[in-house]
Structure formats: C-alpha cells, structure tokens
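In what comes next, chain A is part of two complexes: it sits with chain B in the first one and with chain C in the second one.
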Partner chain A sequence: MSARRFWALYIAALAYVAPLAAAQAQSPVAPPNAAQEPSPIASEGAPAQATVESAEQQPAPVVTPLVAAEPLQLDAAANPAATSDEMVMTELAKLGLDAAADGGVVDTSLKFSGFADFALTGVFGREGDWRGAYERFSAFSIGNFNLYTDKRLLESLRMFGEIRFTFLPNGTAPPGAAPGDYQQTGAEDYANFKRPVSWAGIYIPRVYLEWTPYRFFGVRGGVILTPYGIWNVDHGSPTIIPVQRPFVVGQALFPERQTGIELLGQFDIGHHSTIGYHLTLTNGLGAVNEYRDYDDNKAIGGRLYWSFDGLGQLRVGASAFYGQDTTAHEMASFAPDGQHVVFTQKIDQQSDVLALAGDVQWKYRGLHLQTELITQQRRYKDAARPGSSNPFFGRYLAPSDRLNWGIYGLVGYRFDWFGIMPYFLAQFMDAFDPAAGALYFVNSFFAGINIRPIDVLVIKIEYNQSHFPRGFIIAGDTQLGQVQVAWAF
Partner chain B sequence: MLGRGLGVWMLVLVPVAAGCLIDDEDVCGSHQHRVEAAFLDGCVCDDGAAPNPGGIGCSPCGEHERVVAEACVCEVGFARAGNGPCAPADESLDAGADDEPGTSGQDMSCSSSADCAGYDATFCLTLLPPTRCLVEHCADGTQRCAADRECCVITVLPELAATGGICVAQGMCMAPGMVVTP
Partner chain C sequence: MTFRKLSVLAWMLGSLALVPLEAVRATEPQDALLMVAGTSFSGDDISFASVKSAFRGQRIRIDGQSVIPINHPLNSPGRVSFDRITLGLEPTEVGRFWIDMRIRDQGRPPTIASTPELALRIVEALKGAITYAVPSPALARLRIKILTVEGKSAGQPGYPLTR
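Entry: the complex of A and B
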C-alpha cells in the first residue's frame, strides 16, 4: 500500500470514528477542569489514579508534589543536623544552593520517586522455536527499576531526570553475536575476597532542565522522551495497561528519546477544550545521539493535541518527526604535508526518516478506549544503502525504502470493585528491522486483567498471541503468559 | 465545541499526514530492484550487476564479465590484469579465471547436498532460492575459501551451524554471521 493511500484511509476512518465515539457518550460528568492536562510532575511520578493512566506532559509553573506519598526530602530547613553542618552549607553555597534573597532556591528539597515492576513470564508452545529464542523456561524478573529525580531551582525552573537501573548487559547476546549466545558480566569483587559478582548497568531515559514561565510556553533542554503518541512519554509500567507496550511503540518508529531542545505549552480554546503543543530540535537519530550528531542536519519534530472534557476525557493528537539517520566513523590519515593527522568521515549508512503518528484516547467513567497509529518512512541515500549477504536469503540484500507502520486499539473497563479492569488489545505491525534482517509482519492480541487495588500498585495478568502471516525467522505463532506487579514509589 | 475542536485538529493533521517521503516506483538504489519473499523485503542487484565492495550499492559488470557468486568475473576465455577490464587471455590466465583450487562446484545450482557431492563445494544452501553449492568447513581450515571469499560462521540456525562455516563473497557476511579466519 502506498503511503498516500494508507494515510488517506486512516484519516477518513479517524474522521468518522472520533465524533461518533464522542456522540455516543451519555452525559458529561467530568468537572469543568477535568480536561486540563495534569502537571508534568504529577505525570512523571504517576502514582495517582488520575495520572497513572493518562498524562500529557505540560509545563506547570506551580510547585506540585511529585508523588502522593511523602517523598524523600533532603531539606536542610527540616533537618537540624543538616543546618548545623557548616561544611555542607558551604559546599551548597559554592554550588549556588544557598537561600539567598534574590534567586537561588525557593524549594530546597530534592525529590525522588519512580516505579518498578516484577513479572513472571512464560512462553507456551513447542520446544525449540520461540522458547529458545525468547525464554526457554518461565522466569521471574525485575523489568524496570526507574528512579525519578526532581529538583525545583526556581518557581519556573526545574530539573528532571530519570534513571533506569538494569541488570543488563548480563545474560544478553553481545552485538553481532547469535541470539542466545549469552554473555556474562562477572567480575571479581575486591570487597568480598574477590568472589564473583555480576555487574550491571544504568540507562538514562531523560534528563533535562525545564523553564516554564507561562502555561502556554515552556522550554526544555537535555535528553527528552520524544513527545509522540500516548505511551512513549507515559511509559511507566504502572501507567501501561498491558504488561508491555504495543509492538509499534516498542519498535521505535519514532526515536524513543532525543537530545536537544523542546518547546511546549498549552492553552484553552473553550470551556472544555484545550490545545497543547510540543516542538523539538534535536540531534535526531543515531547510535550515540546523546552527545554526537553524525550529520549536520538537525532533526525537527512536534506534537499537537486537543483535549476535550465535555464527554468524559477525550484527547486526540498528531505527531511528526523528520530527521536524518546516519551511521559513520572517522578515518585518520596523514595530511599531505606528512606532519599532521587529518580525519575523514566514512558514512556507513544514511537515510531520511519521516515519522507520522495519530492517537486518540477516550475515557468515560470506567471505559477506556485508546488507539495509536504510528508510521515511519525511511528513504536511503543511494551511496549509503548498506547491504550484505542475508543468511536466510542466501544472497546479497539491501534495505529498500519503505513505509513501516503499525496500529493498535485497546478497550478496557475499570470497575470500582477492587479497581479491576478487563482489557483487550489488538494490534498489527508491518516493519522491517535491519538488525534482525527480517520483516515483522505480525498481528497480535493481548487479553488480560489490570487490577489496581490501591493507586500506586497495579497487578496485571495477561495472555497474548502473535501470528506472522508471512512467516518469520522463527517458525510458529508466539504465545505468552505473563503476570506483572508494577508499583510507583 | 466538540466539532470546532475536532475541526481544528483535522486541519492540522491532514497536511501533516499528506507528507510523503518515499517514491513507490523507486525504492531501491541504482542497478537494484526490490524483492519480497516471505519475511524478507529488500533490494537485490539487477541481472548483470554485482554488489560493490563493502556492500553499498550495485554496479553493472563490464564487458566480457558475468556475475558469479555476486561478483563480476571474467567470462571463459577472458582474464583481468590487476583491476583492469577483462581481455582475451592466454591459456594460463584462462585456467585461473573461474576454477580456483578447492572451489569446484561453487555456486552450482542444486536441490540438495547430494547434487554437490564430488565437488569441493559440498553444502547446498536451500534455505531460500537461488539454491546453490557452497564450500563449507572453512572455519577450522579444513577447506579454504577462494581469494574473493571469506569464511562466514552462522550459528543461529542448526543447518548452517553444522557447516562449520561457508564461503561467501567478501563483505557479504552479515550479522548474526561472523567472519572467521582459520
């Protein structure tokens, strides 16, 4: 299907479905302000009912508690021992963290919060295929242990960081190795008679400084989560209704995160309607986009959404990203004078990437409807389209220019009784993965129960099945059973 | 109010959605065309063209050249001096053009390894067409690859793992395959 025809069909469907869904609602019950987006702090902490399941990150010039629970506070004023420690105060003063009259700190507390999840995952099916590729035996695991750090430097200036602690890379295949060729990260622990210990890593999804002088205008600088769709920014496992995000979100057709600048804001266009926006200018794609740009073409992106609280909570959004994806390395050689070294860039892969997405979420009383369509068009430069001998094809194969896309729809209903939500998610994805050298042409469904007995705790029990109509490098359908407990802290 | 908000949103979405980066009629590079087979989708070289060294792009073979194992080699009776074009060769050059020692039967069409029996290239690659005979057991030095080939070890599939490495054109061994030098 061509990209134009595809989008035309989607828009036509969207134009038909969205007003129909809204019109079928019975009576508005939400308070007038219910449609206003929650503050970014609340959405990032995400422990509360209202913020765990939906949040559009917005600037909020007021100081808001990060979590409902009491955060850990390193508050000098509240800690007599700290105030008496002159050395500490001196060090803080050197950093500009004294409580000077003009500027400095209005809130000296440093707040930590975050989320974590614990799961049991098992693969159903025959021996030797998906069991070997994924997990041969069912296993318990800690999937995410993410720590949020929030510090308000001024009333309208704050920093926010998220760190994921992970057991990776222990037990994973090293790059270029065959799947299942597990590496170990053992090291001798000098603090324990050199007994073996497996070291682990950290991943930094985001860290940025944010200035929000007005509700309609804010700016962030740093590593940011790409503002698109629903579950890329609101990615905490207590927020996600299924155990994992849908394939098309995980496939990162938009970059999951970027390094650069983000403008954002929102404003009301009526009693029940709000328009919000995000604009980004970043390094774009690339293996080390956190601090390196392999080309001089900065990526641009944006998101526009409209929220309406006249019939429950309806939010409709559109997102776009355009950038150049370059993989390159530097080759050193002698300059013509023979006295210096010069560097020449050798481009290994280069392509233009245009990603477009649309999303709709509607919550009315206990009902939760949500869909995202995410697309990515990738066009390679002729001189930077790397091919190689594909072991499954038996000959040379290079990636083609391609429209990769996927869509999912989720429906759930949250009962008051124990906060139980039965849900069903159906999805389809058609995307070529150069790393796997294969096409993910897959349809799938998730069916499960999401239980939220208290605001900060979610229990998920889920079965999912995926079918590959065009086959895959591993034969057969996948069938997974998962139980997950996710919590915010 | 609902209609107005939705209208504003659609006004924005429609032009954004109309953006199109890909020319559906030209999704591959020069001298390439698209193939779609099962879970594979990509570009292969046109007939009479071979991948460039390093795997980026394809180039048509020159005069008196033909594609063998995804490389341009001289036709029988022609030989190349250095990197020059193929020219009529004397007997000694002619003998060395295609038949490097230890590579007999290489790229010969096959339907099973029985068809490759008796040649140096004893492994019939049948995973996907075109099926052909390849030299195997090169990882431990039991067999040597031709000068324009390298030994590629692929352990992800039992059928390929059992070969002990197969000789593929240089630069054509992709992950999860690994080039080994015995």
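Entry: the complex of A and C
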C-alpha cells in the first residue's frame, strides 16, 4: 500500500466514524412526556414544553436524568400507596395546605423564633487603664436573648416583632455619666419573702405591620431597623461573623432603628441581577423617637442595592438618611389670662444630620468579602448646641459641626470541615460620640475563628486590638479577647 | 516494520480512538431540571427570576395567582441540584442560608414535601403550586404541566435550570 493510499484510507475512516459518533452524541433522549402511552399533558392541550426538540430543529446538548439511580416512584405497581389521594391529602394537611382552598391556605399560625448568645469577655493590659473603663475582670454574660414573633394576618399582610430581653439597666452607668457610676435595679421580691431581686428590661428593636401585595412594592409601618448597609439589619449574633459589629456600625451614624413608614421592593433586571430599594419616612432621631417627634421635620431615607448571583453572591448598595435630631422638653406656664396653662417647647439640642453610606458584599463558595463605608455630617443649630461641664477637664465643652465617618473591611473563608471560618476585620473610625463626650479616632482589627458546626449554632473566638493614633483619654491600646456562642432557635 | 512506521501507526490508531472519546464527551449529561406546575397553573412559562424568588421565600404572583413553591427534602438529588442552580448553595450551606434569612426577616423557606414524588402530587392537587423534577417518563402519568423557563425547554441552549 502506497503512502498516499494509506493516508486516503485513514482520512476516509475518520470522515466515516466521526459524524456517526457526533450524530449519536446529539440525538435526543426520549422526553419524559413522550412515554409509550399517550401523555395526559398533551391530551389536555397544554403545550408539551418538556419535550426536547428533535435533532434537526435543536442540535442541543443531551438532557439526561439527574438521578437515574433513584427514579420517581410514581408507578402504581411499584408503589401503590403513591397513587392514593388519601396520601396526598395527608401530606397537604401535614404541610398546612388545603387543596380545596383556591391557591392553598394562608398559614396564620403565630411563629416564634429568635437568637441568643453567651460570651466570655476579657480585657488584656495593665490594671487601671482599659480594664477599669471597660471590664476589670473577665466575665461571662448573656448578650442577646431576642425573641421574634411572626404572624400572617392575610395572604399579603403580616406582623413581625422582635423583642430583646436584657439585664439592663442593672449595673450600667447612664449614658454620659462617669464610668463606674453604676446603677442598681434591686427590688424586694414580694413572691419570695421580699428577698432582693434585680429587675431587668426589654428593648424592642423592631415591630411592624407589613403589607406586600407585590414583590416590587411593599409597605411597613412601625418600628423598623434602618435599612442601610449590611450589618444593621443583619444584626443577629449568629449571622454576624465577628463577636461584635464594627465600631462604625455600632456607633449608629445612621439611626439603628426608626419609627415610621418604609416602602420596599425588588425587581429583576436579568437572570442574575436584582435591584432593590427601601424608602423611609420617620420621626427620625431624638431621645424618644419611638413615639415622639420633637420637631415637625420628618426624616427621610433610602437604600438602593444591586445584587448579582451569576458568580457567587455579590451585593452593592448605597444608603442615605436626612433628618433633624432634636431633644426638647415642654415648659408649663400660665397664659396671660391667668386661668389656663400653656406649654412652651424648650429645645435642649438640635442639629441637622445627613448620613451617607456604601457597602459591598461578595460571597463566592467559602470566600466572604465585605466592606461598609458610613459617613455622617452633623450641623448644630447655633442656639441649640449641646454642651456640658466635663468632669475630667473641669470646663465647658460643646461639640463642633463635623463629619463623622468610618470604614471596615472583612475577609473570611468558610471551610466545609466543621464550618470553620477564619476571619480578619480591619476598621477605622473618626467620630464624636455625643453621649460619651468623646472623640474616637481609632483604627482596629479583629482576628478570629467563626465555627458553625451545625446550622443553628456559632462559636466565635476572637482577639481584637484598637489603637488611638491621636491619643485618647485612656492611655494605651485596647486589647480584648472574646469567646461567644450564639444560637438561633 | 521500522520504528518510524510503528510510530505513525500508533499515532493514527490513537487519533481514531479519540473520536469515540470526543463522542463520549459530547454525550456527557448536562443536568437539567424541569419546572412543574398543576394543569390549572396560569400560563406555560415562568421566568427564572420568579423561580428563584419563589424558592427564596418571596411572595410571587403570576396572573394574580399566588405561587406556592414546594421544595424537595434536603439532600435529595433534585434538591441538591436545584439549590445549586437557584440559590447558588451547596448542601452544607442551605441550612445556614435559611437560618440567616429568618434572623434578617427576609423570608422563610418554602414548604418541603416528604418526598420528591409527593411534591409532584401536591403540585398536581394544589392550585398555584410549583416544584421541580428530574426528567422521567413517570411524569407523563401525572396531571401536570411542565413549564418552559424564560421561554426555553429543558435541553435548549440557555435553559436556566441546567448545570
């Protein structure tokens, strides 16, 4: 055989075999609806969308069953019980569904859930510095015990409430008081031979009525968590990666919660992209903003975000808030007629507050990246600038108009093994705290391990260190070690 | 036969052997799930966004009808693939995802049927209910309709419920 003939035969063989193989590869499998017996789907006139197009029309990849090893057990011979309507009715009842109702039934049961956490916190360093200001000795504590109540009233109407049970105010200093000026809440317990008991309080982070007629439009009314950034709404200790939220979130440059109305919704702009929004109209800031507005200037706010799930989960958001922060009291006096009492408002402090923030979060497989930049501009009314005599400096101090801001970045990686996530968080904040009368110019890092051995339980072991480049009223860096166990229920 | 001829022969036989290998690669299955609804379900198509939203615990209405997503049990093969496609979650992440969603008050997980077969039976009986299924001739015995997703049938290029 000559070389030329040999190559010709070889190419011919390739030309013969390859198309056969390709054709075999592209021939469709029998579609599920194209069983030997007539399909009831087709017979009812519904389009048989499940059929794979013929090879001529659609030279598409082959569709094969995912679970050839576990075929559906719908054959009466194979599973006689599966054909029983009674079995389906039992399942529906078990799931709280009702085939007789048009579209099922509304689950109006009252649902309770929540989260809690237990921690051991200790301050490293010399006696008398941060140990005295924060906690002199390491201590165990229950930080959060938050109970959720959730009830659907109608199909599109529901209520949601969150109550935090707390040991506060026992053992704490009132805001603005000197550290160490602890208050006690002891009382005689009449149900226990008047033995002393420390009463505690509750805090209501949110309670609202929600009407959601459409996915793109919903309304909430009540006490709401301000929809900004990532870790204000996402505030539960099992979901927060570090033991505590970053300083700039805890500092509440945006109000943590507000009382008023929130519009919210989301809509899709493609297979993988969603745009969401929140708009708020509230009492705004103020010492008693839960039920009182000391000025007639309602606060407005909003959040716009874009989420993309084409490559992990990416979310980019921007938030804004504008409102007036007023603290005032009413002064009673006699009217000129001398027969009636009139009230005059005395404003103690008043300022305009504009807060802006941006956030990015990307989760891809085990990787978790997250950052938030939060700013607040506060401008006091000249006649209503608060001030007080500082007990340490012995002189009158008043805050200036300023830009408060902070930023943090977190990186973590969750391993499948025991759900372990090592994480590192770096942060910076430049903010004046009116309650403490202190300026925080601080950079800090948290390094720790977040372990989630089961879905409802998180164990966190963390070290954090904060440095004050411009000095602080308390000398030295803070070094804190914390262990926390948080769980959802 | 010289070494050179032997080499050429080996190369040719090897290249011929690659043909069936390529064919095998072409026949590698692309996992696809079917979206299934009862015959009373409004319409024959559903958007991928609606599927994702419904199974992420958000309220979805199609032609005024509430969509009731029915999920399969955790770790059932169809569920594993479905969670990967629609939520981008591996089985170990699903529980955490729903715990976190509940804490944020951003939605509760869809109703979970005891078995994939019962999920189909529920869809058959309950107006507005949707679920998913692996392609199987057994589906033809049910009074259900298989929805196109984004106007595409399973097997067509761009069909979203494919891995």
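Quick note on the criterion: the second predicted complex is superposed on the first by the 369 of 489 C-alpha atoms of A that agree within 3 Å, B and C clash if a C-alpha of one lies under 4 Å from a C-alpha of the other, contacts with A are read in each partner's own complex, and residues count from 1 in each chain.
Note that a contact is a pair of C-beta atoms (placed from the backbone, for glycine too) under 8 Å apart; a residue touches a chain by one contact, two chains touch by 3 or more.
All figures in this text were calculated on a predicted structure; none of them were measured in a lab.
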For A:G236, decide between first (touching chain B), second (touching chain C), both and neither. second
May I ask you to decide whether A:H271 touches chain B, chain C, both, or neither, giving the answer as first, second, both or neither? both
Let me test your reading of the model: by the given contact rule, A:G358 touches which partner, first (chain B), second (chain C), both or neither? first
I'd like to know which partner A:V197 touches here: chain B for first, chain C for second, both or neither. neither
Contacts of A:A252 with chain B and chain C, given as first, second, both or neither: neither
Regarding the shared-chain residue A:D309, is it in contact with chain B (first), chain C (second), both, or neither? second
Would you check which partner chain A:I300 touches, where first means chain B only, second means chain C only, and both and neither mean what they say? neither
Return first, second, both or neither, reflecting whether A:M87 touches chain B, chain C, both chains, or no partner chain. second
Partner chain(s) touched by A:V483 [first = chain B, second = chain C, both, neither]: neither
Would you tell me the residues on chain A in contact with chain B in one complex that are also in contact with chain C in the other? 10, 14, 18, 22, 270-271
Residue positions on chain A within touch of chain B in the complex are 2-4, 7, 10-11, 14-15, 18-19, 22, 175-181, 269-273, 275, 304-306, 308, 310-311, 314, 316, 318, 320, 352-354, 356, 358, 377-380, 382-403, 432, 435, 437-439, 441, 468, 470-473
Where on chain C is chain A touching in the complex? 12, 15-16, 19-20, 22-23, 26-27, 29-34, 39, 44-45, 47-49, 52-53, 58-61, 65-66, 68, 77-78, 81, 88, 90, 92, 95-96, 98-100, 102-105, 111-118, 120-122, 124-129, 133-148, 150, 153-157, 160, 162
Over in the complex, which chain A residues touch chain C? Could you list them? 10, 13-14, 17-18, 21-22, 24-26, 28-35, 37, 39-41, 44, 46-53, 58, 60-67, 70-75, 79, 82, 85, 87-88, 91-92, 94-97, 99, 102-104, 113, 115, 148, 150, 155-156, 160, 162, 206, 212, 214-215, 233-234, 236, 238-239, 266, 268, 270-271, 274, 309, 312-313, 365, 416, 419, 452, 454-456, 488
Residues of chain B that touch chain A when the two form their complex: 1-6, 8-10, 12-14, 16-24, 26-30, 32, 34-35, 37-45, 51, 54-58, 70, 125, 127-132, 152, 154-157, 160, 168-169, 171-178
